[in-house]
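Lettered A, B, C, D and E in written order, each chain numbered from 1.
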Amino acid sequence: MSEAAKTQSQNDVAIQIIGMHKWYGEFHVLKDINLTVDRGERIVVCGPSGSGKSTMIRCINRLEEHQQGQIIVDGIELTNDVKKIDEIRREVGMVFQHFNLFPHLTVLENCTLAPIWVRKTPKAEAEATAMKFLERVKIPEQALKYPGQLSGGQQQRVAIARSLCMNPRIMLFDEPTSALDPEMISEVLDTMISLAEEGMTMICVTHEMGFAKTVADRVIFMDAGEIIEQAPPTEFFENPQSERTQLFLSQILHNA
Amino acid sequence: MSEAAKTQSQNDVAIQIIGMHKWYGEFHVLKDINLTVDRGERIVVCGPSGSGKSTMIRCINRLEEHQQGQIIVDGIELTNDVKKIDEIRREVGMVFQHFNLFPHLTVLENCTLAPIWVRKTPKAEAEATAMKFLERVKIPEQALKYPGQLSGGQQQRVAIARSLCMNPRIMLFDEPTSALDPEMISEVLDTMISLAEEGMTMICVTHEMGFAKTVADRVIFMDAGEIIEQAPPTEFFENPQSERTQLFLSQILHNA
Amino acid sequence: MAIVKTERHEDLPPPVSQTGVIGWMRENLFSSPLNALLTVVSIYVIYWALSGIISYAFINANFVGETREDCTGSGACWVFIKARFGQIMYGFYPVEERWRVDVGYVLAAIGLFFVLSDVVKNKKWPALYLFVFVPVACFFLFSGGYFGLEVVETSQWGGLFLTLVLASVSIFVSLPLGIVLALGRRSSMPIVRMLCVGFIEFVRGVPLITVLFMASVMLPLFLPEGMNFDKLIRALVGMSLFSAAYMAEVVRGGLQAIPKGQMEAAKSLGLGYWQAMGLIILPQALKISIPSIVNTFIGLFKDTTLVLIIGLLDLLSIVKAGTTDKEWVGMATEGYVFVAAVFWVFCFGMSRYSIWLENKLHTGHKR
Amino acid sequence: MTTDVQGSASSDSMLRDPRVRAIFYQILVIVLIVLFVAYVGHNTAINLEKRGIASGFNFLSQPSGFGIGIVLLMDYSSQTSTHLDVLIIGIINTLAVSLSGIFLATIIGFIFGVLRLSKNWVVNKIAAVYIEVIRNIPLLVQLMFWYFAVLSVLPLVGDSIRFGESFFINNRGVNFPAIIPSNGFWVIPVTLLVAIVLSIIIGKWARRRQDLTGQPFPVFLTSLALIIILPVIATLVMGSPFTMSYPEFGRFSITGGWSLEPEFLALLLGLSIYTGAFIAEIVRSGINSVSHGQTEAAHSLGVRPGMTMRLVILPQALRVIVPPLTSQYLNLTKNSSLATAIGYADITAIFAGTSLNQTGQAIEVIFITMLFYLVISLLISMFMNWYNKRIALVER
Amino acid sequence: ATLDDVKAKGFIQCGVTTGLAGFAAPNNDGQWEGFDVDFCRAMAAAIFADPGKVKYTPTTAKERFTALQSGEIDVLARNTTWTFSRDVNLGFEFVGVNYYDGQGFMVKKALGVKSALELDGARVCVQSGTTTELNLADYFTANGMKYDSVVFDTADEVREAYLKDTCDVYTTDQSGLYAQRSVIADPEAHIVLPEVISKEPLGPLVRHGDNQWGDIARWTLNAMIEGEELNISSANVDDLKANTKNPSIQRILGVNGDLGQQLGLSNDWAYNIIKMVGNYGESFARNLGEGTALNIARGLNAQWNKGGILYSPPLR
């Protein structure tokens, strides 16, 4: 199977994960993960808490190390080679649940830090790009403020802009809205939807079913470290196959 | 106007606020507040964040000092006189957003502390009363646990029981459910509804519209330190007069 | 076209390279070339230091004998410590009365055990015992004059005994004083606050030596004629005031960590300032500052060596005095090593305790 | 703010007004303090009078009459110099050891703090052992140990460890050649100054260049090269406008050249190793206090670990580190007063020691000494608070 | 008055050194012993007829004067040099000289130094706050020599530093040098240079202004000296008291006259001193003299009629 996968993973494949396993000490978090994400595909990952969703997407830009199997991003396989890791990280943007903005830098500096120091972009150019993306997320007027002075929704949008400034080809989102107050969720979702519409490759861990239905090409359901079910959103929500998925959906929908 | 108000404020009036102003430093938080609450009346206060709702009810039991105007609680005017403040605080129970239980004392001790030290009730009697109220909020079995061992909803109910143990005639609630997980909100609202049904005078800052509709006699809408609109709940929700109120309600209902 | 997995994968053990000795070494010692180099260098340093220490302190050292002539090895001469052990532990406390000190130790140890450990949940009685009974009992035991006990002048106290007395009395006095100062510093009355701030900052700004010196030689000038204190008491006053200033800052940290809501809740229940403080705020504030209090205690314990400056013979000075004995001249290194070891055992014990406590309190919060 | 005090307040309720009470208590406190001070002052005056102790600061202008081992930046002679000179020398010596101690302790502390966080188990444990051992032993014992046990293990003067012809280490300290300026010497410091200014300019230029082109420039190395090379060239061009005074073996010890006294070395070592252990813990907890998410965010942007530390972690850790670091600096300064035990001529040893003893003016001397330490403490605190404010985070 | 205070509290508080062999040091049982200590014991014998009624305060060179000024101690018997400024300026009263000393130098034999004039450029260890420091400065300046001083708080530290070869020279009063040399492991490797660079009359002192107390101290010392001159010793004092016909001896021992009462003491005060503590010579021999580890010759401290300058005013 990995043979077949490899030949396919040339140009139109953004991310390919083949038979990947990961352990935390003795604990088997991810079990035999196989996943192929095409360029421009938008994937939503959901599943109960602790099922390994975050761990999986953190493996993709090597914030966590996997111990078995392969992860190939943009044609480059992730190994211990620092150079390759850097290359991949430059191509893959990530947005965290708790934003993780740099509190000692202004919004603009947050956005220009990586372009200046990693890509060696001239400052003026980096700032112009940053302003472009800040406009894109609709907060250009906040550029000179510090993150501590912004609301949660604004912070998360800055985090998205910061990632975009590196011109990534792939974006990973780890529950980007779950730390936000209800009023602010929609601001962030709107930004993400507009990104999706431009054809960015996205993997998004989220429980926002509305978002999944609107933009996702595929929904992936994980449980206990395994991918249990993959399906287009309509099929997934209306006609879940696995029992585990059905149970999960019934809980989620009940709460909403 | 204060003349007319004063004569009225004899027996059937629980709280009367006349032309009250408050400043934080240079910042004018509360502007010319006038409010009369009758005995047994149940009032819900709502309004956007920062509009001064909390500040207003905290003035009523002198957790904050007002700088101009009068506040008369149960016929006693709030001045700097420590005795009067103590007297009023004994009559007015308060439930906070973050419960503020005493973490180093058991639930039972939390409830008996004030009766024993303030009212000088014998310990056995205080404990009997406390158990009565803990039963009332449906958690007598938790009496010997520490607050840290309870869920948020249970903690808030303990906070309510703790206030009730002082036999207050008036209860103030400052967003009692907004720090709770969704499942727990209803536990606390149920307790509050049953209190309301017994005729307790209540002022409750909350955005739970369901609660407002069920029990409130009057809804008060505040914005930027002023009371903008007062009306019975049905009228308030269905036919808000002020533009500001309409805007606010549209946001709230949209999110829910 | 859903892809569904029906077979559940079982939990596998991690690959060998991840676990066991090899995994551990790979992870912790040789994760990169630089790390590997560091490891090798460090291991060499450790080997070099350890072998030196062991051969000095054990292999080439002398343990048996009575006089310096028995020291034949090239290492340490522990015979010196052995010969002077009584004095090092008790100072000039009369030999036949030393049991009193031991009894005091035992009384205090019992109290400490019950207060500090988790054996009993309700700390009220152990605390009462430790903070009221033990000090009173020890006072009578140590100084005598009652119950048919012979009087032992404080000038005869010395060695580790004196060190422990100095440290425990000053912590005992400085804690309540520190609480008062901390409350004063947070007071809304500007003058009270200024006084407390002034005192705290003054004391924290000057060296303990000068404070001791002042307490020792200048205090009598401040007192009316004929009024005089024991030298030990003056040292205690100096050290207590000094540590009270530090304690005040620790307690203030604890007070600041208590959310404002606690005070508000207490007030809204009708409790007065002192009731709220005593019943609600202080119990919590003190509990969370215990680790820092222990740290202050460690500092204080180490600082007791400074009483040497004013002529009290604590553990360090008594050992030094021993090396002036012409029988034992040149034993300074052994002396310092021994003193260092004793202090280290005490302080390290305390610091471990404070870490243990910190962890315990930490998990306590997370139910 | 308008305060609406009710006009009809009876005197009874006046007493229950917390503000009235507060004023009353404060007046009471002031009265008590004044009484206490007066009482102590009265006693002191009587005692001084009775014991015939003269007070006043005249003694400061009397000749001191004793020798001082370590004199920096001053001419001192036991015959003509006064107790005021002694005070100044004491202050200079205290500052010398404190400032170099602060410098050294900071370096030691940061190194071990970072080592303590190392993923390498052995390195980590070595740092832990250093910290735990040093922190739990009284400084006085350590100073004695350094002075009497360690430095004395160094060879005698005759068997000095030599580096080249004129650099010696022995139990009398460290000796090295001194530079004695002759005609035209001024050129060298001037070129040094020029080099420093140039380095700053280069730094600015590099910054701008990076802003413009994105290309970084090795500023540190260039500056270092400049600062070394320019003065060397100047020296060669001017034909060495100075003479060297080389340490030589005299009858008793080494004469000539410059030397670091063993007392100074022991005190400096003891203080900085002791304080370094505390600083290491502070640094460790400071770095730990920056949430791991910050590192992850930087990594996910492709920023390398070293750069992450410099651009993201340290700037944030510093604001946690600085306040406790301040108190360590203060402690170090105050602890330098232990110098008296190992013969270093700091203010406590020579002024609050010998001068006090020769003049007998305890109150004045102790007063001046305490004042000095207070002023130093306040200055250090002020500086650090200013710095801390500068790096503070802007919050909502 | 001090005497009343002392009587009321029942003991004398006596300031001594923190430890100087032969002059004051705690023995193995923790009892203070030494030449200075004997003076304190003699005062207690005179006042209480019990030499044990003394409490000792070990003082460092730094704090000794403040301790006396502040009243912490009643009398300071701590090899303190009698100087003008101390007597006049500091407000003390020296009650006599119990030991004529002079400052000297000790060096290691290996250095081959024979005279203090060869010490140019040496590092000198001294104890802080002593006249030693002043004399040292004067001597080197006078002879146009340079030196480095290293100053320590206690004699132990000075000796330790000297032994560790941190300095070349150890300077203090010659008695102290001998005392220190005696506790060195290898005394033969060190020599005390012949130069005596200062007059160091050491004596006990009290505060200004209480003449009665000063008199008691002064005449306690004189009684010990006079005792030796009259050959009264602890061994024969009972015998002499009962049988002597010598009026001087009768006067001093209280058989005749009321010297004691004039001092405010009982008439057998001097008898008690000699009986319980011994005369000057006995004390010297016991603590410092030949046969002790210090092995100091009487030298200047011999009686005036035996070649020394020890001379007590007559007790009459």
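One rule holds for everything that comes next: a residue touches a chain if its C-beta (ideal position, glycine included) is under 8 Å from a C-beta of that chain, and two chains touch if they have at least 3 such contacts.
Chain labels with UniProt names: A, B = ATP-binding cassette domain-containing protein; C, D = ABC transporter permease subunit.
The structure displayed is predicted, hence computed values, not measured ones.
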item: Subunit B to subunit D, fewest steps along touching chains; value: 1
item: Most widely separated chain from subunit A, with each centre as the mean of CA atoms; value: E
item: Chain occupying the most central position, where position means C-alpha average; value: C
item: Rotation angle superposing subunit A onto its copy subunit B by C-alpha atoms, nearest 5 degrees; value: 165
item: Computed distance of Cα centres, subunit D from subunit C, in Å; value: 26
item: Whole-Å gap between the CA centroids of subunit A and subunit B; value: 43
item: Whole-Å gap between the CA centroids of subunit C and subunit E; value: 41
item: Euclidean distance of C-alpha centroids - subunit B vs subunit E, Å; value: 83
item: Overlap residues in subunit D, where contacts from two or more other chains coincide; value: 47, 50, 148, 340-341, 362
item: Subunit B, residues touching no fewer than two other chains; value: none
item: Subunit C, residues touching no fewer than two other chains; value: 213, 217-218, 220-221, 225, 309, 332
item: Residues of subunit B that touch subunit C when the two form their complex; value: 58, 61, 63, 86, 89-90, 92-94, 96, 98, 100-104, 113-114, 117-118, 148-149, 159, 162-163, 166
item: Residues of subunit B that touch subunit D when the two form their complex; value: 23, 67-69, 77, 79-84
item: Contact set on subunit D toward subunit B in their complex; value: 1-6, 9, 13, 16-19
item: Subunit C contact footprint on subunit E (complex, rising order); value: 5, 18-19, 21, 25-26, 30, 55-60, 63, 66-67, 69-72, 153, 155-156, 159-160, 163, 182-185, 293
item: Residue ranges of subunit E touching subunit D (in the complex, touch as defined); value: 61-62, 65-66, 69-71, 85-86, 89-91, 111, 118-125, 128-130, 133-134, 136-138, 140-141, 147-153, 157, 160-161, 164-166, 168, 207-209
